[in-house]
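Two complexes follow with chain A in common, the first pairing it with chain B and the second with chain C.
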Partner chain A sequence: MLGLMLDAVVIISLVGLALQSLYAPSLFRSILHFVVFGLAMSLAWARLNTPDLALAEAAIGAGVTGALVLVAFRRLIAIQPDQDKPSTESRSRLALPIALGAGLLVAILGLATVNIETLPAAAGVAVLNNLSSTGLENPITAVLLSFRGIDTLLEITVLLAALLSAQAVTRPDALEKSIVTQNPDTPLIGGLLAIIIPLTVLVSIHLLKAGSESSGGAFQAGALLAAGGVILALTGRLSPSQQPSLRLNLGLLLGLLTFIVMGLLPLLNGQPLLALPEPWAIYLLESTMMISIALILLLLFTGSISLRHRRG
Partner chain B sequence: MTVTESLALILLLSGSAFYLAGTVGLLRFPDVYCRLHALAKADNTGLCLICAGLAILSRDWQVTALLALVWLVGLLASTVSAHLIARHAYMAGQNPISARKENECLD
Partner chain C sequence: MDSATLYVVAAAVLFGIGVDGLIVSRHLMRKLFALNIMSSAIFILLIATAAPIDDLPDPVPQALVLTGIVVAVSATAFGLALIVRLCQETGKTTLSVDDEPENDD
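== the complex of A and B ==
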């Protein structure tokens, strides 16, 4: 009964927040509603007993994406100040039919999936049966790195491609102004950073380690680490720079390069491509991917080629 | 219902009441400083009460320690962010409502 009520609250707030973020009178309100929508979505995943997705949604969907959208908004109003005004454009007449059609499609697909009987030879069962061969306890990490490693390899490549495209179209002028508006030199900031940043690093390493037996993994840990970096950028401790830095570029590529090398190594022993042999390989891969993901997300936020450290 | 359960229930309910009061304050108070005052104080107390209630229900020292950490991090984040918002509003030239009224009387 209580669970049902909770589900109802989550569903109603999801639909309400989605409508609000589409129909809010100003762009800024839309963004805020979208961020809260991400949080409600992560609650929904938690209610569906998928803690991995809930973590990823909270860290990436609500946290990092929210920061990215907000900084994009700030740059947008610097270029086009009238974007923040309530929009007077009327919606296309096609909007409602398209929305209803899409909703119907999702409902039909959902109903169809609910009614499907699980096949005995389904992939999920195969994963659970072969879990012991990977040395991992969390089937999700096993799928991500051992069984479907190629997907994860392509994911991190896509993330890198996204960063390169963002860097290609970002205007380098006034980057710093768009992140830090006023110099936050209040003593409280130093105190906050002294506690929050070590905690962020600690929790991301915990998430990384937890990925092998319970919920967690490189993407969640990387997003959390990036969030720590975003705090440093917002408080002016890290500032965007246009000087390319070799160390940073190596860090960006580290995850992908390690994945490629580890993926090719099994070929020497006559094993198939991407057959990750041991848990240590997976730990190495996850750690390097966490660093790369965090750096990529942070650079997407600052919109710069590299970062400069500044004493606070 | 045992004594611990009823104690936890009282803590959880009063925590929710603080949250509700803070939210009503956020929606109804006249200026940014009053709103921050309502939010930061009431929500921190609410969080403390709810964490205490959950800690009693969990009967586990590890969970209790984690909940205490949650509360402390929440305190830290809300203190600093409330301070920064108030500072930003003050720098942007927003006067507190009472000062504004006095000025209007002087005019």
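== the complex of A and C ==
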């Protein structure tokens, strides 16, 4: 009963935050509500007994998306200062019926399939039965890397494609000075970084390692590491640069290239493609993917071709 | 009513809100939020309707949604870059199809 009430509270806040993020009078309020919506989603995942998703949503959905949206808002304001004016929306008369129909469709789909019996041949049952053959204890990591490695390979490719497309449409002259805090040399900032950055690295490595037996994994760890990078960019320790850097580009490609090589290696022994042999292969893969994911997300944030270290 | 059903209803409501927001909002960033809310609704639906195996949630839809979250962020990042560029080129953050002839009174 208490559980149901908690669920109800989470759901009511989700709906309220969604409404606010779409219809709040000012855009800035929309953005804030949208970021909090991501956090509420992460609570919903925790309530649905899926801690891996809760971690991913908190780090990627709320954290990285929030940073990206806020920096985009900053750039829009720099071009056109009156972003925040209340929108004069003209309501289409068709909007409400279409929305109701779409919601109803989802409801029918969901209510028809909720609470049906597990089929004995369900993929999830097969995963749990063969979990010991992968050497992993977390079934989700096993699905991501062992059973459906091709999905994860394509996932990191999508991430890279998004970065390349974003770089292609970003005009370099828009790259700013504006994301850096006003006084990057305040002593307190150095002290803050000295605590936060090692902590971020430590927690992301823990998340990466934890991914094999409990909740965690390369994507959560990479997002967290990227958050550390975002802090460094905001405090001016890393500044956007338009000079392509070989080291950084290698870092961006590291995860994908390792994945491809590791995926092709089993072919030499006559095994199928992407049959990852041992846990060490999975650890190597996850570590390189974490680095690439962190760099990709960081570059999506700064919007630049590469980064320059500034002695601060 | 159990909590899975509750979350299915929530997914339906959120999806409806997302569709409405996508049609009604004029600022492109809000449209992007609407798309994100719609995808969140579908993620909830996938997890809530997945039958548990031995009282644990099915790992396959979880992996599916995890991939989905990352792809949603990639798409959002690209969308934001497009919005910023559009604003640079035209000075506007709305699409011309949404710009009905307005009489500002």
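Going forward, the second predicted complex is superposed on the first by the 307 of 312 C-alpha atoms of A that agree within 3 Å, B and C clash if a C-alpha of one lies under 4 Å from a C-alpha of the other, contacts with A are read in each partner's own complex, and residues count from 1 in each chain.
Going forward, a residue touches a chain if its C-beta (ideal position, glycine included) is under 8 Å from a C-beta of that chain, and two chains touch if they have at least 3 such contacts.
Since this is a predicted model, take the numbers as computed values, not measurements.
*Asks:* Using the touch definition from the top, say if A:Leu188 reaches chain B (first), chain C (second), both or neither.
*Replies:* First partner only.
*Asks:* Is the number of chain A residues in contact higher for chain B or for chain C?
*Replies:* With both complexes superposed on chain A, more residues of chain A are touched by C.
*Asks:* I'd like to know which partner A:Pro139 touches here: chain B for first, chain C for second, both or neither.
*Replies:* second
*Asks:* I'd like to know which partner A:Leu202 touches here: chain B for first, chain C for second, both or neither.
*Replies:* A:Leu202 sits against neither chain B nor chain C.
*Asks:* Look at A:Val9 in the shared chain and tell me whether it touches chain B only, chain C only, both, or neither; answer first, second, both or neither.
*Replies:* Touch status of A:Val9: no partner.
*Asks:* Is A:Arg75 in contact with chain B, with chain C, with both, or with neither (first, second, both, neither)?
*Replies:* second
*Asks:* List the residues of chain A that touch chain B in one complex and chain C in the other.
*Replies:* The answer is that chain A has no such residue.
*Asks:* Quick check: in the complex, which residue numbers of chain A touch chain C?
*Replies:* 3-4, 7-8, 11, 14-15, 18-19, 21-23, 27, 30-31, 34, 37, 41, 44-45, 47-50, 52-53, 56-57, 60-61, 64-65, 68-69, 72-73, 75-76, 79-80, 83, 87-92, 94-96, 98-100, 102-104, 106-107, 109-111, 113-119, 122-125, 127-128, 139-140, 142-144, 148, 151-152, 155, 158-159, 161-163, 165-166, 169-171, 174, 217, 219, 297, 300, 303
*Asks:* Any idea which chain B residues touch chain A in the complex?
*Replies:* For this pair, the touching residues of chain B are 73, 76-77, 79-80, 83-84, 87-88, 91.
*Asks:* Considering the complex alone, what residue numbers of chain C touch chain A?
*Replies:* That would be residues 1-21, 23-27, 29-30, 33-34, 36-37, 40-45, 47-54, 56-63, 65-67, 69-78, 80-85, 87-88, 91-93, 100, 102 of chain C.
*Asks:* Inside the complex, what are the residues of chain A that reach chain B?
*Replies:* Per the stated touch rule, the residues are 182, 184, 186, 188-189, 191-192, 195-196, 199.
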